[in-house]
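Per-chain numbering from 1; labels A, B and C assigned in written order.
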């Protein structure tokens, strides 16, 4: 049963990583920029969720607030930071992105304290359900449900709606899409908006699961997300989903073995570097770096 | 006599297409060879294989008697190969003079250690100035390469190739984008280069100019050589006409 | 001079070595490295261990330099494999790997670090003089390299590796050279640091330091040795001069990075100008 618990934990983390990493891979696929600051969006979402939840007493309102604000923030980052830098070498916007992440994480630390913020009313992490012998807490169930809804929704959106199809086309075949009159700029905003909203959900969920949102929450997940998008194939949503679940499981089972000579953060980076060295263009090879 | 360049059964496939499908040819030192063919014939791919940018699936590239098939572009350049690009690639943030002086200093940059021990640039800068004058860019030395109009950038490419003191220069569409006068001038420069004894292989679309200047014409189609010889004779060849005309009306099935 | 002054100037000297050496890798040669702290740390730990084992100060410094260089060349090989922004990520990873690894190793002191490193024998002032001497030497070396053909080749590699190949420059060899030299100097600085403090922990070599160093290089202007020196001195003094700034260092460095890159990618004498070369569109 222990191993099943590990699997549940692994899958739930995997789902959260997926929600977070999707935004990152979409930006890369569209603009070839490593949007490292996406982790700051994630953190912003987490903080908004907990702050609003504590202020209003409703966790749901917290999520709503986060999902409403972060897309605006994400779009602003695109407009103010990336758009003017699009013609330059890829590391130029990336350094700016790193700077923004560092800046925001420190801003969170200064604004909300080094120790972070906890939910004043969070029974969810402790409500355990027993489903056919498998034990899950309420947050994990919420994660699975959210993941299914989100990814199914994304799939439907990009295959059944005009805007969604246009979006997908722009990501995979920008020039053809342009010649069909699809507005590339609107697509970019949409891209950042959706990616950011998803990251916010992931942030809020992680906050609930750990009952804590602290200033390093962004860092930890940022390099994992980078490892994920490389593994899954840059620009590929499906690849990202698979890679996220794989990472979640590997972490869950893996720290049993490696945890002694390398700490958890380092493990993710080790994996990332190894991947980049073996196959710089990612594994499902969706698009070459 | 050792051939300036020898290609032996080169072939490369991209996806399902044989971009280059068994090309062999020998270039005599000092020759002026034109390489033409319809769009997609494989000219640029072939040049890139010779330059070292693409690895062939089979075949050899022999430069002045040495097999360079496995070697990098930089290594081939140091062995006497120079090339100009279809899409010009000067060092945009360097001055025109620096662009050429860097090429002139290829002896000093052969490896980092050597480069670290060398600081004097006077000689290379003087040589560079001389070459720039020859290609008609005298006076532009101090300008940033980025600021030049296309015609001048193309001349800069030639200047840079010359500064390498090469045995053979591959010109990849040096006339593309140039107007009549500029093109004529460019061809003059290239012919003058050839007159010095440097072997020239010229890939071009602009048939008229190519016809007038080269001494040997090779026609590529579908990755294969379909004609090779004296320009007039080659252009009169039925197969060559077919390749150009057939390509336009969509008659040829590509295999 | 008070102990505080000696301390402050020593740190300035070390930061100058670090920033100028990073500038050689990222500025001259265009290889973005956001993990310079790892090489600094490798040098410090190697020097500390060597000193404890052999009690030879010169040998310890040599070990520090070598450790930085070896790690640096290994990372340099990574630069041959991946594109510039992925290289930057790789270097961040190397930094985290270094600190993560060191924190878990008992023989490296774990979380507590290594304390009680034997003194160099030069005394505080002596150490300071040595640090400043090496800082001056580093600046001189940087100026020399910048003027030499090596610097010329570095610039070419930084702007356009393929074009560099067409003028006979082996980009890979030069990247390795840049990493080797830059990281050796960082390792040397690490060795000097170990004797300066006689107590080292992984915290001193973390990603935050690397970000600060990159900010110095960006602000000072990549390619401009003097600009970087000024930025290094300035950014080291700033938290000291304005007390509360110390608490906001990350905010400051992160913010500076964003502002400088965003507002002057085509302007500020250096980094961004070199990086701001518009590339021909890739298909």
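What we mean here is this: a residue touches a chain if its C-beta (ideal position, glycine included) is under 8 Å from a C-beta of that chain, and two chains touch if they have at least 3 such contacts.
Owing to the predicted nature of the structure, the values given are computational and were not obtained by experimental measurement.
Chain nearest the geometric middle of the protein is C, using mean C-alpha positions.
In terms of the distance between Cα centroids, chain A is separated most widely from B.
We define each chain's centre as the mean of its Cα atoms; on that basis chain B and chain C are separated by 41 Å. With centres defined as mean CA coordinates, chain C is found 31 Å away from chain A. Distance between chain A and chain B, defined via averaged C-alpha coordinates, is recorded as 48 Å.
None of the residues of chain B touches two or more other chains. Residue positions of chain C touching 2 or more other chains: 277-278.
Chain A makes touch with chain C in their complex at residues 33-34, 80-81, 84-85, 87-96, 98-107, 110, 223, 226, 230, 260-263, 265-266, 269-270, 272-273, 276-277, 280, 289.
Of all the residues in chain B, the ones that touch chain C in their complex are 51-53, 72-75, 77-78, 82-83, 85, 87, 89-94, 98, 102-103, 105-106, 108-119, 121, 146, 160, 164. Residue ranges of chain C in contact with chain A, taken from their complex: 32, 34, 78, 81-90, 92-94, 96-97, 99-101, 103-105, 208, 211, 214-215, 218, 247-251, 253-258, 261-262, 265, 272, 275-279. Taken together, the chain C residues at the contact with chain B in this complex read 144-145, 147-150, 152-153, 155-156, 159-160, 162-171, 173-174, 176-177, 273-274, 277-278, 280.
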